[in-house]
Each structure stands twice: as structure tokens, then as C-alpha cells.
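For reference, chains read A, B, C and D in written order, and residue numbers begin at 1 within each chain.
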């Protein structure tokens, strides 16, 4: 019955073979080599930095992961989220509550004394717990996203973390069953969860040198970043990634080739939430200032962390994953340089930078650089005459166009 | 006793909702006319509050009476609305996503600027508690004042959009940019007017809101009762872009909020939450709103 | 900076001050410093700014000092959030003490230098500044820290660097618990933990449990006097308040009727709470408020609510609060360690005056405690020199800790005789406090309008305990009419 | 509002079909919008490897019929059988997975990516975790499909650069990539030159040779005569004729339906 098409034969096997070849890293494009070089440099950073600087830089790794989390759903599928801290908070609180309010009391009750290995296992269980809680949050946002378009979805995503914030207040003392000791109200949880490595007693491995602590935290965080990169890169570079971007372009087209857009949309939200939640959960055990409080996980103004990840991802380039890495570096660099000159104005210059980038560089640094690089190579090979290229559509532009259509639909030119 | 409480709550809800309505109307006007969800609207409220504080505070200048504070707040709101449009929004008008994120960032930029200004320049002890006086001596009279003037503003706005040439142009633009251009309306000018009016309303409301709650705060737009978030809820309930819908939405939200807080056990903690829950449910059931246009067709 | 902020003084309060600092007036400050980032997470390079914050205080005009430690310098590191009046007061209290000591011949001939580390009201900043002060500035002893979370985060560093730290602003009970030899708080044995953390001391304020006890004592002794039969408890809900709240609520109903107990958070409209309090016919709202304290006072006064109002009200401890509320804070009472009017000890008023003369400001509780802490250090070093015959070398922690643990110290502005709790106390190395009756602190302060003091501003009068009283308690004219 | 009762109803009005009367069977299919009947109890059966012309004047209900059949929206009443199974009302993407694909009259290519990537999307498995796409294997397949539908030269251009015929081919290529057993082709020849019509006709013919069933929807039979085996004509949502192209053109009722000036 099957129609004869080029699909004949053992496609699965051929696919695996092709992937394997790709993984051997032959024939890498220049930008990929640059990317690997960059990641390698990140890995070497502890050799250069003082412990204190290193701690500050470790936070940038988390900012990268948070921005990647946002990019997966907003950059790729075009479902703009304005409250991604919702997922971060779920992950961070998730692991803290799992460890401090469930696992540790349970093990204490059983009379188990935890050694380094035991504590590590408990921490890992907490991270898994936090990631799952965040993923559940992804379902919670993803399902309404099926019904809501453009601006309405944006409003819902914006409201979600604020609702969560309120519920931390409401269940500050106790959340039956789920969090017996409560969620800590506006201040957040006071008892920090155990660290993988730390100077204090509350850690799987206790060290007494500051620099050992800083370096260990850096590498654990770096490992988390690599995991996040591998997962998100894998998904977005597989066929699922092209389905994501196709959803951003035209859901009907996706449907018409036998793909279920709803499934992929929810998946994007869940993946994004899980990545963000995972990052936040690891942060609570290995990051700098690893405290599960509202200021860490929502930002001092309750939604600023959500804004920051958007700014980071937009500066770097939406729909690229690596853009988030570059964006976070820019963001941190700008923040510290500007902050050094006018510390009292601290947040304002960074916001200003975000505004400028949004206005003049909407496509983002990475896509612009890639295009220019390609052009440069082609120019050197003599294939094109000039380095200036005519505009091609970008992820950002596509999202914009789609959004405009939705808005037009709502305020209704033709409908009336 | 219970009846008395219900009566009190009802009166409160009626008064407060009027204030919410003028905040939400500004938000919905900007959306209706420009298709822009203005996340910076909350910052406009905060700017109004802060101008009101500056005018009435005795720490500098001269301590002006509160009516001058109201004027200052309204003017500052109008100004910040106009400046935001002219300075930034105008240039990115055709890029909705950029605008969306931009207004988000602009809003936070403004409220952080207020916080820093309050602390470092004006020596306010606590940017979370910026003193702004009530308009009237007693809480009840103050509520009445809020109610009366809010409705007066709403009435003026209705007169404006229905009986003046510019007002009708606003409606025309909100229905179709292209159509309006065809009949010779300067959409640019209309947008500017809309942003200015919306800013003025927000500024006026900011002063009153701070007075009614004892003080303003740099975070007032997103702290309970979170007028920014409430206005989202209101305009979605009423339908994005509909002025009448906003008024209806404001009353629904106002009543829901007041009654939850007063009568649901433990409801005091639910301030700002009940309306959001209501909103989320409503979004899922009827996203186009009570008076929504188009989306459901 | 504008003059207004110079005026901006906060008095000592036996309060969970961290809540205020973090979420109250200064929560905003903390937030702002970090900008749009999470406040505890500065980005790389923010260390570039750190240097500008450090202010090495060395009075080069000081004459040659003589004594066994002549030629040496005691370096004191002050960890304080300099953008808060409370933090500046800590710095200035230490400077004042250092200057006075220097004028009197130094510490056994050693000069005293104050090095400041700006903690910016960020927990992470406190820890890293602590490391810098000890490692790079070679401080012998550090002091300060006012956020509970900052203190807890700095503890590992204090232990690792084996340097004495004297806390002068946080009321968090956790460090005392960790230091204690009887500690069951962490998994290690108490002895082990003591060896690690014995470097931590607290010169004040008393911890949150003691604050609750003080409150209970106050209510028990004054309820008849004030005619309080029914009390509503409103405590703000950051977890920092929890030890205080739970201790208070556990026993309060044995003293009076307590029909309403509420943890509150993120409240803007207080009417529902106030309605309930009036419905329940309560005489007073006994609050524990920081962040949302201002709007609570404004609405209470504006709406002329039919009950009295006070407790631990952090904003009211600030001298500028009268101005911030346009006088609405009149009649609000709060616990405090001292006020500009009180004479806790013979030294309190001289300190206030000297401070005022030197810096043209009113000191805040944190300044007084830091001032006291410097004097404790001076006395400890002197005793070490006397007892052990040390010469030409600043005694190290192993020498000083037993002396501090065993000694009784005078020269305090808050308590006549200051002692630290012993290592085996449940909360070790904390101020020895038993009751208000025995110690005279904390005091209960009420904002009043007293033309005799000034007719332009409110006055922070103390009305309890008797030995520290400067005025009678007064009830708002609108309370109690026909109610 | 419904179709004039006399026209379609008479003798052949609506003999019922069963599940096994063809690879694709519609039985008493009905779709109403509000009170408006767009498809009026229509029944038909398509045989395997057939090329069926589905003809009707503009507004006759062709698109609605196929939107119901392919799951774009559910029918008001009636049953759709595909390969002997009741598939009434299942979602469009599931219908594709069952083996029914379609092209669209209004092209909606993904503008953000080149032609070959448009086709490649259709090769993506409906799975969340997949290795597919990472190794470039699917791209090879997509390129092969592009060559077969005559897009070999232009597959690396963006869709906006394609001529009209190219867009049609892209639609076709996308549909083919889903490996359908039945393919619905909507107005394939509109606006094409004679050469282009010939080229497309050959592509479709070869698809049929490979075992595919095709339904070609058009508002007249011009250009279809060489392609289709059988035609099915509807008007006002009801069938008015069925038979070989020759029979249809001679049918008086059909001629009457097209009297308005349109040419059958």
C-alpha cells in the first residue's frame, strides 16, 4: 500500500549513522568552532579569576541558563513569555522544599545520618524534584497557551509569577502536605538547602579554602550549563526544533503535514520550564548566594528577573540558544562596567542598554555576527561583491509579524 | 451587623472601582488605538504619585496643598505618557514585540529611576513608603471625592470621544489605522493624544491611590492591589480596546476584590489574587472579553 | 546628599531588623543596588566598586601612644550597609569609639584603625566583604552585619578565617545556636561546632526569642495600667519574624484575651484587618511590622481606628518617621533599645551628645551597639595584656575568646553590665539578658508631640520601664469614646 | 437556505456507502454553519489508485467538503471512512498520519526557511525526542523529493522567490513528503501555463503509478481531462453528476449548473 518515495529502506539506521558522523565533529563550520572555543574558554576561566570574581561570574552562568530557558519557548515557538521567573521560582523552591522539608526530616526520622554520598544523593533528588515541579508549571502555562493568542498569552505569563509570589505569602507558614514548614512569605525560605561543596557544615563535601569552594561551585554550575546546552541544542537542532520554528511561522502548515502543534507547543513550554527549573534548582545547591528567596528567584522588583532574561536573550539573538550565552556576557559586562562608574544608578544603565538593543539591534548579536561572518567568507571567496546584504527575515521579525497579525485580528480591521 | 458590613463593602467597592476604571481606561485606550499593550502604564501611575509627593512634601520647595499635588500628578502622568510615545514608541510602532518588551523595560526603568531619585536626590527615607496625603480629611469623604471625580473624568472622556472631532478620530484610528489614514486623520497625532490622556489618567489615579492607602511606593503598580495587574484583568474582562468594557470590568474586579477580601475566610491575604484567578479562568473561557472585538469570530 | 537624608536616623530597636532592612525602607535599597539583578548576585566586576567603598580610617595626627602594645595597630573591620542610615551609624559609632580611645592613649598603647566594608544590605556582599577585610585589610576583629541572612551566610567565612566577629545589628538567633556547645541544630556534635564557630559574638540586640519574652513581660506588667484586656496580634510574615511570633503567641493568651492572631504580608488595604479588630473589640493591635508598617500606621491614623497601635514597629524607630507620615505616627509605640531621650546607662546621653557633636546627627541603635562593641574589644585586649603579660603583639582570638566569654564589661551605652552568654548556653555568645525588670532594656517608646522638647517635630519618649521613663503613655483622643 | 431540493434529490439521491466501498468514503456528510447548509448529505467513494476530479462551481461546497474529510473541522453529521475505518472528526494532523494529505489553494509556505526545509518539515516525525534532522539525513530525503516534483533548481531559495508554479510544486512536495496514500490536490492548475500544466500532470500521473490515490479539486474540468479517471460534480453541497469526463460534459444538469457563464 505504501507509496514508493525516497523514504524506502531503513531510515532509522541511516539517521543514526548520520548523527554519529556529525558527532565526530568533522567538517565543522567556522561558527561552530568558535562556539566550542568559547565554551572551552569558559571552562578555563577559574584559572584567571579571583575567588570573588569567580563567584560573581558563576551567577552569569545561571543567567545564561535562564535565558536559554526563555529562548526555547519564546525564541523558537514565538510564544512570548513575560514571566519566566515563574519557572525559576518553582525549581528553586521545589528543590529547597523537597530537600529541607521532606527528605532531610524523613531521613532524620529514620535515624539515618548522611555522609557525603548520602547528602549528594539527597541533593540530586531535590534537583530532580525541583525540575519536575517546574515542568508541571510548564504544563500549567502551556495548556492555556493552546487557547490564548499573542497579547492574551503575554498577560497570563506575566501574571503567573505574581500569583506564585502571592501564594508564597499565603502559604508562608504552611502549605499542607506539599510544604509543611511553609514557603516563607515575602522573604523566602530562610534555611538554605545543603550545597554540593561548601565551607560551612551544610554541604556534602566540606572544604575550608575559599578558592576551592568558588572553583567547585563554578564547575558544578558549568556542568549544569553543559547539560542545559546539550539538551536544548539537541532538541532544537533535531526535527523538533524545526517544528518549533514552524509553529512560530504558521500553525496550520504544521498541522497540514501531520504534526500536532498542540503537542509541540506544550512540549516547548515544559522543556523550557524544566530547563529553567533545573538551572534554578542547581543554583540552590551550587550557585553563589544560593538562597531560595524571592529576591533571588523573582528579582527584587518581583518581575525583574523575567525582564532580564528577555533582555539577555534578545541582545544575543532570539531562537538561537547560543545567543543567550553571548547575551548574558554582554549583559554582565555592561552591568559591571557601567556599574563601576555610576554605582548609584545601578539598574538604570543596564535597562537603558536593553532599550537601545531592542530598538537598534532587534535581531540580536549572534545572528547578526553569523550573517556578517558568512558574508565575509563569501566575499573573501569572491562570491559576492559587497559585505552589505539585503535584509532577510529573522526569527525576531517572524515573531513580530505573527504577533502583529494576532493583534490586528483582535482589534479587528476586517472583522467589523 | 453582617448587613452593615455588606453595605460598607459595597460602598468601598463602588468607590474604589471608579478609580480602577480610570486606570484601566488609559491602558485600553492605548491598546485600542495603537495595538500596544503598554506595560509601562503602571510606571505612569507611579510617576503621578511621585509628582504628587514632591508637590506636597515640605522637605523641599514649599509644601503645596493636595489639590496642587493632584494637578502635579496629572500633569506628570501626561508628560511621561507623551514623552514615552514621542521619545521611543513612535520609532518602533511597527514592531509590536519590540514595543511589548520595550514598554516592559521602560516601565521598570521609570520606577527604578523614581526609587533612586526618591532615595538619593530627595532623601525619602523609604521608597516603599512615600508619603502622599489624602485629598479629604476623612476616609469616607476621600472615597466620595475619588468616586465623584473619577466619574467626572470618565464622563469627560466619553464626551470627548463622542462629540469632538479629535475624539471621533480616536475611535476611527482604533478601528482601523488604514481607514483613518484614508479619511485624512493624522494617526501620529491621535496616538500622541491617547498616550497623553492615558498618562494623565494614570497620574491622577496614582495620587489618589497613594492617598487612599496612606502612602505610595515605587513598587505600587505591582504590589497589592497592584493597579497595573488589575488593569490587565479589567481590560481583559471588559475586552481589550473597549472603554465601556473597561468600566464594567473595573466594577466586576472591584467588587470581586473587595468581597473576597472582606468575606472569604482568610481573604485579607487574597488581595490582588482573587481578581487574577478570576482573570485566568475568564481568559480560558471567554478570551475575547465581555465587550471584546473580533478575536472570537 | 540632601539634608533630609542626613536627618534620616533610625534608633535602636530590639527588633528583627533584618526584615526592615531587607523589605522595609531599605528592601528597596538592597534591590536598587543590585539593579535589575537579584540583589545577592552582583555581576563580575562589581568588585571594581568595592574599593571606593572602603575607607581606611587612620588619624595621622594621633600622637605617639604608649603602652605594652605601643607601635601596634588594632584594625577593626566594620561591615555595614553604608547606604542606610543604620549602616552609617554603625560606622560612625565605631569611629567615635576609636577616636575616644585614641585620645585616651589607645588600647594599651596600640593605635586603632577602623576599616569599613560596605555590605550594601546584600547577604552575599557581607560574606565577600568579610573575606576582603580579613584577608586583604588584615583586620584583627570584624563587627557589624545587620541582615540575618547576611550574618548566616558570613558565618562560614568567619569560621574559616578564624577571626573574631562581633555582630551589632542582627537579632537572628541562628548564629548563637550554632556556636552553642549544646547545639543540636546541625548534625555535628556541639563541641565540634563550637570549635568552628566560637569566633562569633553578638553585642546586641538581644535575639528574637528574648524580644518576644520582653514583649510578654511588658504586656503582663502594663496591661492593667493601660487597660488592655483584648489584644490583636498582627505580625508580618517574612520568616525572619517567625521565632518572635511563635514565642509571643504561645504565651500571650495566658495573660490577656487574644481573639485575633494574623500573619500578614503584602497588604495595602488594612481595612479588613482593622474592621475585624474593631468588631472583636480589641484594645490594642500588637504588631510586628517592618515592610508594610508605614501604610498600616497611616491608615490607622487617617481612619481614626478605635484601638491603640504598637509593638515592634520598625519604621517608627526611625527619627525621620514622624516626617514621613506627616505626624501620623503620633501615639504609635514600639520596642526600642534606646531613644535620644533615654539614659539606659550613665554613658548613654554622653554618647548621644558626643556623636551629635562629631557627626551632627542623632545616633541609631546600631551605632550605640557598635560603639559598645569597640569598648568591649578594648577591655578584652587590656585584660589579655594584664593577665597574660602580652607585649608588642595584638592578642589573637585564642587568647581573647575565653576573656570575652568570662568577662563582665562596663562602658556600655545600653546595659550597665554587659556579659556574653556562656558557650554551653542554648544561644551562646549572645548578650546576657534576663528580663526588662532586671536589665532595664529594651525600652518602650511612643511617638508624642512634646512642645517642651520641640514644637516642630515629634519626640520619641520612653514610657516603660520605669527607670528609663521619660514620659507617660498617652492614648489617641479618638480611641475608646463610646466603643 | 438549503440547496434547491429538486436539483440533486431525484433518482440517484443518496445511495448509501459502506466503509469498504473505497479507500476513502464519505457517507451522508453534512456541514452546517449556523443555519446555512454548506454540505448537504453528500456521499461518495474514492477507489484506490484512482484519480478523481472533484468539480463544482465556486461556492459549491468543495472546500468545505474536504475540510470535513481531512479533519480541519468536524462535520455536522455523516461519516468518513478511510481505509475501512471510521475517521470522522479526527484532527487534521492525525488524518495526515493516517495517510491522507492535501495541498492548499492558498499557499502558506514557511517564509523563514528555504524550499527544501519546507519539505523537510513534512518529514519530521511527530515525536518530541528524535534524532531526526540532526545528521542531515532527512535533508537528503527532502532534496530528493524536491527534485522529483521539479524543484531541483530552486530548492535553496526562499518560498517568496518562487514563481506561482513553483509554489504549487512546493505544496505538492510537502504533501508527498508525508507519505500519503491519498492526496487531495486543491486547484492545481489555476494560473498555470499549458507547459506547466503538462509538467504537473506528469508528476501526478507518476504518483498514481506508484500507488497513490489522488483527488483533484477544481471548479471546472479544463486541464483535468487528460488526468482524471472519473469526475464527481457538486453544486450547493449536493452531487449533481458522476462519471467519466465525457459523460460529465454531456450531462444536461451539469451544463445547467454552469449556465451562469462558467465553462465546465
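As a working rule, a residue touches a chain if its C-beta (ideal position, glycine included) is under 8 Å from a C-beta of that chain, and two chains touch if they have at least 3 such contacts.
Keep in mind that this is a model prediction, so the values were computed, not measured.
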item	value
A-C compared against B-C, more contacting pairs	A-C
Euclidean distance of C-alpha centroids - chain B vs chain D, Å	52
Whole-Å separation of chain centres (CA-atom averages), chain B against chain C	40
Euclidean distance of C-alpha centroids - chain C vs chain D, Å	80
Multi-chain contact sites of chain B, meaning residues that touch two or more partners	108, 112, 116, 120, 219, 224, 269, 272
Junction residues of chain C, two or more chains touched	23, 27-28, 31-32, 35-36, 265-266, 291
Where chain A touches two or more other chains at once, by residue number	166, 169, 301, 304, 307, 347-348, 351
All chain pairs that touch each other	A-B, A-C, A-D, B-C
Sites on chain A touched by chain B in the complex	80, 82, 144, 147-149, 151-152, 154-156, 158-159, 162-163, 166-167, 169-170, 301-304, 307, 310-311, 314, 344-345, 347-348, 351-352, 354-355, 358-359, 362, 396, 399-400, 403-404, 407-413, 415-416
Parts of chain C lying in touch with chain B, wherever the complex brings them together	1-8, 23-29, 31-32, 35-36, 83, 262, 264-269, 271-273, 275, 279, 291, 293-299, 302-304, 315, 318, 320-321, 323-326, 328
Touch list for chain B against partner chain C, complex	1, 5, 8, 12, 59-60, 108, 112, 115-116, 119-129, 131, 133-134, 138-139, 213-215, 218-219, 223-225, 261-262, 267-269, 271-272
Residues of chain D touching chain A in the complex	91-97, 101-102, 104, 108-113, 117, 120-138, 141, 144-145, 148, 158, 174-181, 207, 210-212
Sites on chain C touched by chain A in the complex	19, 22-23, 27-28, 30-49, 52, 123-124, 128, 131-132, 148-149, 152-153, 155-157, 159-160, 186-188, 193, 196, 236-240, 242, 263, 265-266, 291
